[in-house]
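Got some structures for you, see below.
Both complexes below contain subunit A, partnered by subunit B and then by subunit C.
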Partner chain A sequence: MTAPTVDRAAARSGRWHMPITVEQRAASRFLQQLGVNLVALVLAFGLGAILLLMAGDNPFDVYREMFDRAFGSSRAFRETLRSTTPLILTGLAVTVCFRMGLWSIGAEGQLIAGSVAGAAAALVLGPSLPAPLAVAAVVVAAALGGAAWATLAAVPRALFGTDEVVTTLMLNFIALGIMNYLIFGSVSYWRDRTNLGFPAGKVIPESTQLDPYFGVFDAGLILSLALALIVALALRRTVWGYQLRVAGDSRAAASYAGISATRQIISVFAVSGALAGVAGGTYVMSITFALEPRAIAVNLGFVGIVVAAVALLKPLLVVPIAFLMGALLSIAPSLSIFGVSPAVVIVIQGIILLCVAGAQFFIRYRVRITRVEVGSR
Partner chain B sequence: MPQDTELAVRTIGISKEFFGQSVLEDVDFDLRWGEIHALLGENGAGKSTLCSILAGLYHPTRGEMMLAGAPYSPHSPHAALEAGVGMVYQHFRLVEQMTVAENILLGNPDVPVRMTASGLAGRAREVMDRHGLWIEPTKYVGDLAVGEKQQAEILRLLNRGVKVLILDEPTAVLTPREAEALFAALRNLADQGRGVILVTHKLREVQQSADTVTVLRSGKKVAHQRVDDTTTHDLARLMIGDDLEPGSGSVDASHTTGDKLLELHSVSVVSDAATRPELDGVNLTVRAGQIVGVAGVSGNGQRELAEVITGLRTTTSGTIRLRGEDISSQTIGGRIKKGMGFVPEDRLTRGLVLGLEIEDNVLLRSQRDRGFRIGPFLRLSAINQWARRLIDRFDIRGVRKGLPISVLSGGNLQRLILARELSRQPALLVASEPTRGLDVGAAEAVQTILKAERGRGVGILLFSGDLEEVLGISDEVVVMYEGRVVASRPASEVDVAQVGRWMAGLT
Partner chain C sequence: MTRRTRACLAIVATMGLVMAACGDDEADAPAAPATTAAAAPDTMTTAAPEAPAEVTTTVPEAPAEVTTTVPEAPTEVADTPSASDGTGMRIAVIYDGTLDQGGWQGSMDAGTQLLEDSMPGAEVLRVEAIAPGQSAQRAMTDLAEDGYHLIIGTATYDADMAIVSAEYPETAFLHACDATVTANMGQYCLAVEEARYVDGALAAALSETGKIGYVAGFGISFVLKPLNLFAAGARSVNPDAEVHVVFTNDWFDPNLELQAANALIDLGVDVLTYDLSSSAVPEVAAQRGAGFIGYGYDDARLQAPDSWLGGSLYNWGAAFVTTAQEVAAGTWEPGYIYGGYADGLLGYAEFGAAVPAEAQDLVDSLIADIAAGDLDVFAGPIVDRDGNVVVPEGETLEFFDRAICCEWVIEGVQGEIG
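Then we have the complex of A and B:
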């Protein structure tokens, strides 16, 4: 009974007739997985270096410059942390869904929905509430907005099995369209009506703008760290997290255990959407200070997928990975001054994703160089 | 078949470690051409591991292997197959969406890529004729019965020219008649000069069908004998060691049969109006303190019956009552809460979560119990203690902290499900093939536990392809045929022959 399921890679390797052995690992340890992924990261930067060389840049200089711009001054560090916050949250959002085998790529749209709802709350309640309450109201509104947007994909998935990849992708475009319409296409509540120049969002009241402590990090980062911890605990230590893990591993076992697929799918989507929504809310409160479509729709939801994947869907690992990706993101605009295309950063991100995806093979299989003996064929 | 040497396979000092833990130690194993060689051992003794090494799936940590006198170290199952060694895993590796012919000829280098269906079927028939096995080649594998799938798998390997055939617990899923057919086919293959390795827990099969037997205990070879020189009793002793006496502890606790616990009234399941109903007006009663055994050739509605009772499937008509209350439309969770235990037939896909650790698996179906949670929070220490207790009480071996349970051996996985379902003190236990894949000692222990549970007043509905098990421990025997209950009698009033006739649809 212990025979592993179809061992395609191993079977295929036989056909190469190379002195390489591929053996399926029954299980691999966490540290092993982490090690493989770190090697993949190093490899990604190595490949990036080759790319830079081909583009005529000195990779060492570029990497040193990138490092300086990400961490070299307190201002640089603050910029890095500002991008870290939303990436932690979208990374967590993706993690929660993927852990249950729900391939939602809707964090982008949910983040936008959260921004719209959060900005509305800030504009409506901000002037009349004391700062802490106003901020809390924005967070709650953003979470609800994101959750509601996710539910639009969750319900058809739960009831009719509609493919969530397609619906969440469509919903991303719809969310973006709505946000653009609110600012560029109409004179909506969110739009700054006093400004007669280029259409812009109405600036949120001061009580809802987050000031950085020590000039470096703000309450949004603390909130995102706390949420990472909460998600980790929820997965490990609550009935909800347990049911999610069971359903993620085997749908048949989940139904055998009396876990309602409908309810579990909807609740997981809602939690995921809430996390992405909070990302939008804090982004508005600490970076854009208004519903600014072109500052908000910068692929934070999509990068969250990279973050979650590199972090092996472990909520606590999401934090350092988001930090790394945040650094890459924050330096992208300033690199062009240095004469390097910001596209380099995007390419490096892509290379990282590919390397990590490739690394999963080494996590699942053990590869060894073996002696080829006479008669072994 | 001309052979270079007398020995087909020889292993010299094979050892295998997983994560530093030794699973096989210095195993010398010899297989002759033309013999059926049984591999015996307790659950977790290392049988599957040894077979997987021979078949190129795992690589030994130390030791050497010879095939027909030449050094042999396959670096993949494919390489092993090219060298002439093929293995039938308990989970078949056939492509369900393809026909039998396609599966059999799959990967055969001589078969052209483009070939008509009838051409393929013709080629497949040739292969079947050559080996004396027969399955309709145009059928889809997904539609085959288990026994047929197994034959298709064997044919696939034979078509690739295997000279050494390894079968890991092939009879666990077969009915006695299918098993007999399999052994006849294996004997034929051995007579043609092939070497056959057979893993099984059924000692009688070893006595009847094998020529030689090798016994493993805790990863070491403890015996290699001709079968004619042994008795089943000797074999059991060799497997378990001298410290344990198999066959003890089967004192039948006297018990009284109580009130009606489970009642089914004309329960039908019709999923497709064009075919015969899966269940057709089934009436059935299980009382407290009673074991009702369901006999039948597999595929006659047993699976559907178990699923309908436990809530995995909905009834088309009819009522199901538990302690007088209609539960026909209750959720699975609701039925669990009412005290329904369930050992499902698909233990790997349904009964367990292979990617999670032991704690998560003992919690399955109990995740809402008060003992294991406070509000929405799990009581991890209580769950952990519970897991330790079950490991202890049911002697589950091979559990490793931090690793998913997929590293456990087949028999130990079955023990884990039984441990969980028996220990939560169900009022009604629906058990499908509870002893499948267990070694003799464990199988007997489970039967003893089932009887003890009955003594406590638990009602048990037992599904088993092993007629002797059904007749041996049931109070009442129910026979299913084509979705209907065709007979229902006290176990003391029927014999194997009579039940066999009912199972075949005769009266």
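Then we have the complex of A and C:
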């Protein structure tokens, strides 16, 4: 890109032109969006290839390995799907809040709260209930846990206008601290007292451990797909969703229309928290099988923000984006085994995410290079 | 204009979030200073004590050999009749952090190095930066599918390894210092009580104020055992010695460690030690003119050479090589490898320049006595700081109780546990 030429005459007269203008696209077509995303992906893999070459790896081999490890076998596919489930749910949680213009970044903490509540339900009710009921109990408990945690930020936001970015961020650390305390800092109900080694959580009963169907996907994925559909319908077809969208477009218009901001904010936060909480509950049931702080606090809530943003805050689009993101995240250990340095793996993941996230800008805005004519106007 | 600004803001915000999301793995465990990177593996191997094959024997070493810093392990292994050079064998070692972090990772990697040297025919793969949970399960599953014969975990992967090992009964799994032992999964651990007893004795011998500072992570039995035995060792030399402990409630928080170490020196402590791996505590010791005693690895010997006094060394390699040999020979029976100076699983670092000969002799003789079985660091009476007798006179802790020790805190330890 050429450096902007300063139009001296225009500058003197108080007017000068940037050679680049950014304007909003009236409406972008689906094919256009797809095209921009494809270009972004090609660019990302191209940049990644340069990086790999610099690190002494063969990019083609690495990319083939990435593909194989993400989709190449039913086992690989299962790993990708295991990563997809929590990302769909945290992506939905973020989508719901962001659609109303509530910038909650608390999905991480709500996921942790859901894990704690879900694990408790599994340990208390699991032994006495039949499997389907026990699983349902865990899901409900996890949803309530996540919703309760989100409410802690929602109430001050609704009543006093406290900035939710700050409160939700801080609550993430508090949730993590509590989870660490339950396992590392105390002999709590969650902690396995019979474990002689490093402090660990009690393993949840068999009835609450999700087995994969056909060895590929488990009930958690089905639940997350159903929730994506429900959220999409709720946003489009219910009064609650309509009010949410109105408030998201214009707070003033919403209050003028008689929509209670207080109730709306708290209910949106609660739903968002419940979704993130369910992510925690299903994560415990299908991956960690216990409250394991170091295995649970792996940024699934934060990645959910990226998923929601790339999915343009559309609930149904969250599903494929979460799937791709899940594939990208779950193959990192495999690449380390393949011999790619872990630092390079992180940078490649970062480049792909940045390019795809950056592409969303070009979907919404048109960038034009305008000719600057010296002395014109 | 506002629209453009907003668009820019949106993109910056998105990028920030992306960075936050993917960069956090690194933030959890920042790399140690460059000096650590270069220094750790070398210095660890030079101190690697005895031939790995001797781990299985219970016959103690001659005292002089126990403290020797001359590496002689690889050649001796080749001489052992049952030893294999590992041809055709595939071994993977999984690390939580990256190898340039030194500390725990560095000591484990010294073990991997010994494994490579001892079994030159084996393919040894290091897998770095694997977090517990889904990543660890994924890594272990891939390795088992790829046909690795022995998978060694160097961090807290116990639950994950238990899950994966059950699905791959033909693969041998070995895990550091935890609970699960199954038909194809074993544990390896060090008698840290022996290491810390000797360290505590050295600290008390060199402290003029009789106050020793101890910076540790969490107040869990895992950490209280070495703390207790450090204090016991210190009080065996100076019955009035006080060990002041501060917990950071993290495994890696250099800033908090820095504050803790400074607070301890303000308290009158003149020798510092830690149960962590960042360079913060030794650096504070160097700045404030206090002595420093390492634990498990001797990175600090190069980070703060003027403060360095000494410290016990982990020799994980002994456990790696023994297990790999047995797996290769088909004789491996998973169990709980647990040993100290007598088994070659512990060594001792080079002393600092300031350590007088008597103190060096004290350390050597303590190690000799422990290795010979003449000194049992858990021999009663041991009284906790509330006055309860936890090990009565004439008794000791048996293997099981040693492994899970301790929920109590010994006399002489000052500071809040938590």
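By definition in this document, the second predicted complex is superposed on the first by the 313 of 377 C-alpha atoms of A that agree within 3 Å, B and C clash if a C-alpha of one lies under 4 Å from a C-alpha of the other, contacts with A are read in each partner's own complex, and residues count from 1 in each chain.
The definition used in the following text is that a contact is a pair of C-beta atoms (placed from the backbone, for glycine too) under 8 Å apart; a residue touches a chain by one contact, two chains touch by 3 or more.
Just so it is clear, the model here is predicted, and its values are computed rather than measured.
Q: May I ask you to decide whether A:S250 touches subunit B, subunit C, both, or neither, giving the answer as first, second, both or neither?
A: A:S250: touches subunit B, not subunit C.
Q: Now for A:R82: first (subunit B), second (subunit C), both, or neither, which partner does it touch?
A: second
Q: Between subunit B (first) and subunit C (second), which, if any, makes contact with A:Q349: first, second, both or neither?
A: In the superposition, A:Q349 touches subunit C alone.
Q: For A:N195, is the partner it touches subunit B (first), subunit C (second), both, or none of the two (neither)?
A: The second partner, subunit C, only.
Q: For A:I296, decide between first (touching subunit B), second (touching subunit C), both and neither.
A: Touch status of A:I296: second partner only.
Q: Once the structures are superposed on A, label A:R237 by its partner contacts, choosing first (subunit B), second (subunit C), both or neither.
A: After superposition on chain A, A:R237 lies in contact with subunit B alone.
Q: Touch test for A:F71: subunit B only (first), subunit C only (second), both, or neither?
A: So A:F71 meets neither subunit B nor subunit C here.
Q: Residues of subunit A that sit at the subunit B interface in one complex and at the subunit C interface in the other, please.
A: 22, 24
Q: In the complex formed with subunit B, which residues of subunit A make contact?
A: The touching residues are 1-7, 10-15, 19-24, 26-27, 29-30, 237-240, 242-243, 245-246, 249-250, 252-253, 255-260, 368, 370-371, 373-377.
Q: Can you check the complex and tell me which residues of subunit A touch subunit C?
A: Within the complex, subunit A contacts subunit C at residues 22, 24, 69, 75, 79, 82-83, 105, 180, 184-185, 195-200, 203, 287-290, 292, 294-296, 298-299, 302-303, 305-306, 309, 330, 332-334, 336-337, 341-343, 345-346, 349-350, 353-354, 357-358, 360-361, 364-365.
Q: Considering the complex alone, what residue numbers of subunit B touch subunit A?
A: Interface residues on subunit B, with respect to subunit A: 18-19, 48-49, 52, 56-59, 67, 70-79, 81-83, 87, 89-91, 93, 168-169, 172, 311-312, 331-336, 342, 344, 346, 348-356, 360, 363-365, 367-368, 373, 376-378, 380, 402-404, 406-411, 413-414, 437.
Q: Inside the complex, what are the residues of subunit C that reach subunit A?
A: Residues 3-4, 7, 10-11, 14-15, 17-26, 92, 98, 125, 127-139, 141-143, 145-146, 156, 158-160, 163, 177-180, 187, 218-220, 222, 249, 403-404, 418 of subunit C touch subunit A in their complex.
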